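Take a look at the following structure, please.
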Amino acid sequence: MIRLTRRYRFCASHRLHAPGLSESENRALYGKCNHPFGHGHNYVLDVSVRGPVDPDTGLAVELEALDRLVGRNILEAIDHRNLNAEVEAFREAVPTSENLGLEIYRRLSSGWGSAFPPNRPALEKIRIAETEKNIFEISSHG
Amino acid sequence: MIRLTRRYRFCASHRLHAPGLSESENRALYGKCNHPFGHGHNYVLDVSVRGPVDPDTGLAVELEALDRLVGRNILEAIDHRNLNAEVEAFREAVPTSENLGLEIYRRLSSGWGSAFPPNRPALEKIRIAETEKNIFEISSHG
Amino acid sequence: MIRLTRRYRFCASHRLHAPGLSESENRALYGKCNHPFGHGHNYVLDVSVRGPVDPDTGLAVELEALDRLVGRNILEAIDHRNLNAEVEAFREAVPTSENLGLEIYRRLSSGWGSAFPPNRPALEKIRIAETEKNIFEISSHG
Amino acid sequence: MIRLTRRYRFCASHRLHAPGLSESENRALYGKCNHPFGHGHNYVLDVSVRGPVDPDTGLAVELEALDRLVGRNILEAIDHRNLNAEVEAFREAVPTSENLGLEIYRRLSSGWGSAFPPNRPALEKIRIAETEKNIFEISSHG
Amino acid sequence: MIRLTRRYRFCASHRLHAPGLSESENRALYGKCNHPFGHGHNYVLDVSVRGPVDPDTGLAVELEALDRLVGRNILEAIDHRNLNAEVEAFREAVPTSENLGLEIYRRLSSGWGSAFPPNRPALEKIRIAETEKNIFEISSHG
Amino acid sequence: MIRLTRRYRFCASHRLHAPGLSESENRALYGKCNHPFGHGHNYVLDVSVRGPVDPDTGLAVELEALDRLVGRNILEAIDHRNLNAEVEAFREAVPTSENLGLEIYRRLSSGWGSAFPPNRPALEKIRIAETEKNIFEISSHG
């Protein structure tokens, strides 16, 4: 068994503002991230999968299939987008990197079965870096 | 004489759209950067100054004075901001990194005289990285 | 559940010298790190916490509370300090990065309860890089 | 207990070509990596060990012993080498980074007992980055 | 006037061996880089151009034109290739990074005129990093 | 003509304190860098040389000769050292990175003639990074 991690990059804009809080509570909680017109980041997304190495090909995952899945389910929807205005999941939820990570994990999980042959490889973890100082990880074992 | 470079980071959002071009020309020219709701970046700004080393203190520049100037003239105006909506220079000009670099250079130049003692040190160059793939430099010698 | 990692940086000096060993044993064991007047590093400290995402705010941890705790319990004591001369834990123990990591973990653990609301989030791991070649991790599960 | 990770670098060349597949299947599967004369990479190898901290020395592992083991069992055989032509394990197996990682792990495991005193420290994980986009990990717990 | 630098990556293999020297002189001069079956690197190529910013579009260079030129004249010929066996310039010259840089500069210069409109922008410099320790630059002013 | 840059790393400790200033002036000027017991850094030193490429060997500089010069004249004296206590140049001058850069440049210049054949290559520039935020450059043209 081996773990393979593949790196993707995208950029997006967002504004952090919780609808259930007052203006001043939002400013206190999110600081500069609550500025009314939003800001953005260069996000780094690492997708980790786990599986056995095929003895004939020496590969644990077909990278083209992974790239297609990430391209279609993730990058097309969020790369060079405004998360608040253009991604449906953030009509309700605040587009923090926590919630963005959970949304990316859900989108990968839901497409996994049709992208890969049964049982091989498994989605194990995603890691999203909003800046080099703030990093978020979501894994299959909770 | 020595050159000192100090690194700053900020994030901002923007949309690239030239008012003198048609919708389809804009899409063709700017691609994903023309998406209507904008996107954003983690910018890295390097400010390079040049000057002699003070024999008593061993310093070429008082970093606190440089930080104050960059903080007041640059970061306060553009960090965690939407460049199109919140920075006056981009009412007319398109907020490409070329134009953002020129604007940052002008703002530093205009405040330089009152931030530092006469003739020491000189603003030599700025460098702005929009991503690790695209880097822009503007220097005092054109 | 999500894991959030936040990065801090500090610099410090130290000398590696075990009081129970002879001069020549110390030189053999620690090499250049045993030079009598010490040397120093730019340390990178990553603090990883684990917790659920608050559905109202989209946050897993209040970063200001974490920054305050790290600032008060860690950085104030060791940033720009000589570990041997100024940090009490290293009166007895040798200030290797192993011991520095254990000391940082103890300081974070002991302050955790008063810095955060009960049970949320948990301190999961710290990672300290002395250089990019030598990295040390200490985690809550031993 | 602490985890220590030490970074090594090497460069090598390889060609990906599975003997059981046809020419066109190989081209379809490996793309540019199947070019007939090979290509190469700067690999980054991180070796992670786990053990208690010696209370007298403050160390979890004797780095010189680890460096000797990695040097003799790994770097001497693969640094600045053509993996297909010069490493016996790749007479049969395709020198993908998956298989290279497994081979490195086997070579470290087999030499571990004679390089270190009994039970301390344990080899926990290796991580090999072929580029910053493709990373492979193999750990002791499968 | 502004300088724009765009980053490209490629990997290739090579062997350093000067035909005018004896076997032992080659080994002494090039060390491990003279190993008979070659080795390889992940090269990082930075192309710097210089020009005025178009007041209508805010751009100094059309990146698509630059990418096409680099793709066609450089990457297609050397990415995932064996420099000795597959690049004609290295039938005679030794494929050191010095010579590789000169070859890349010549290929960019020769295609520049047909890739861009007259006089705008100018090729100013290329920078090629063989590893993070060894970096080579060639510029238009010698 | 080509420019070659080679990277070296070292770590050292220092305290910034100007003998001609009072205690409180020193604290105000240097801040945390004036802490009485010192602190330290992982310094990154880039040495840039300039010269023609030898048509027979494809090399612009003999790296072993450069490594020997840097090793003997720079690293042996300052790596894993306390700059204030162990480097003679800092008996008088404050060991700021400005002064450290000037000292390194002087040491390289003074040894250059005996390390390399006449006129080839020339020492062009050194660059010293104290942290990734503060970078210092000294070049042969002042």
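Letters are used for the chains, namely A, B, C, D, E and F, taken in the order the chains are written, and counting of residues starts over at 1 for each.
The working rule: a residue touches a chain if its C-beta (ideal position, glycine included) is under 8 Å from a C-beta of that chain, and two chains touch if they have at least 3 such contacts.
Quantities reported herein were computed from a predicted structural model and do not represent experimental measurements.
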Set of chains whose contacts include both chain E and chain C: D, F
Steps needed, at minimum, to go from chain A to chain F via contacts: 2
Same-interface partner of B-F, chosen from the options A-D, C-F or D-E, over half of the pairs matching: A-D
Chain located farthest away, centre of chain C as origin (C-alpha): E
Of all other chains, the one whose Cα centre sits farthest from chain A: F
Homomeric contact chain C-chain F: same or different residue positions, threshold half: same
Distance between chain centroids, defined by C-alpha means - chain D, chain F (Å): 35
Approximate Å spacing (C-alpha centroids) for the pair chain A, chain B: 29
Between chain B and chain D, centroid-to-centroid distance (C-alpha), Å: 43
Chain pairs in mutual contact under the definition given at the outset: A-B, A-C, A-D, B-E, B-F, C-D, C-F, D-E, E-F
Residues of chain C defined as touching chain A within the complex: 1-7, 46, 53, 55-60, 63
Complex interface listing, chain E residues touching chain D: 9, 11-14, 32-33, 35, 37-42, 79-82, 85-86, 131
In the complex, chain E residues that touch chain F: 16, 18, 20-21, 29, 93-96, 98-99, 101-102, 132-139, 142
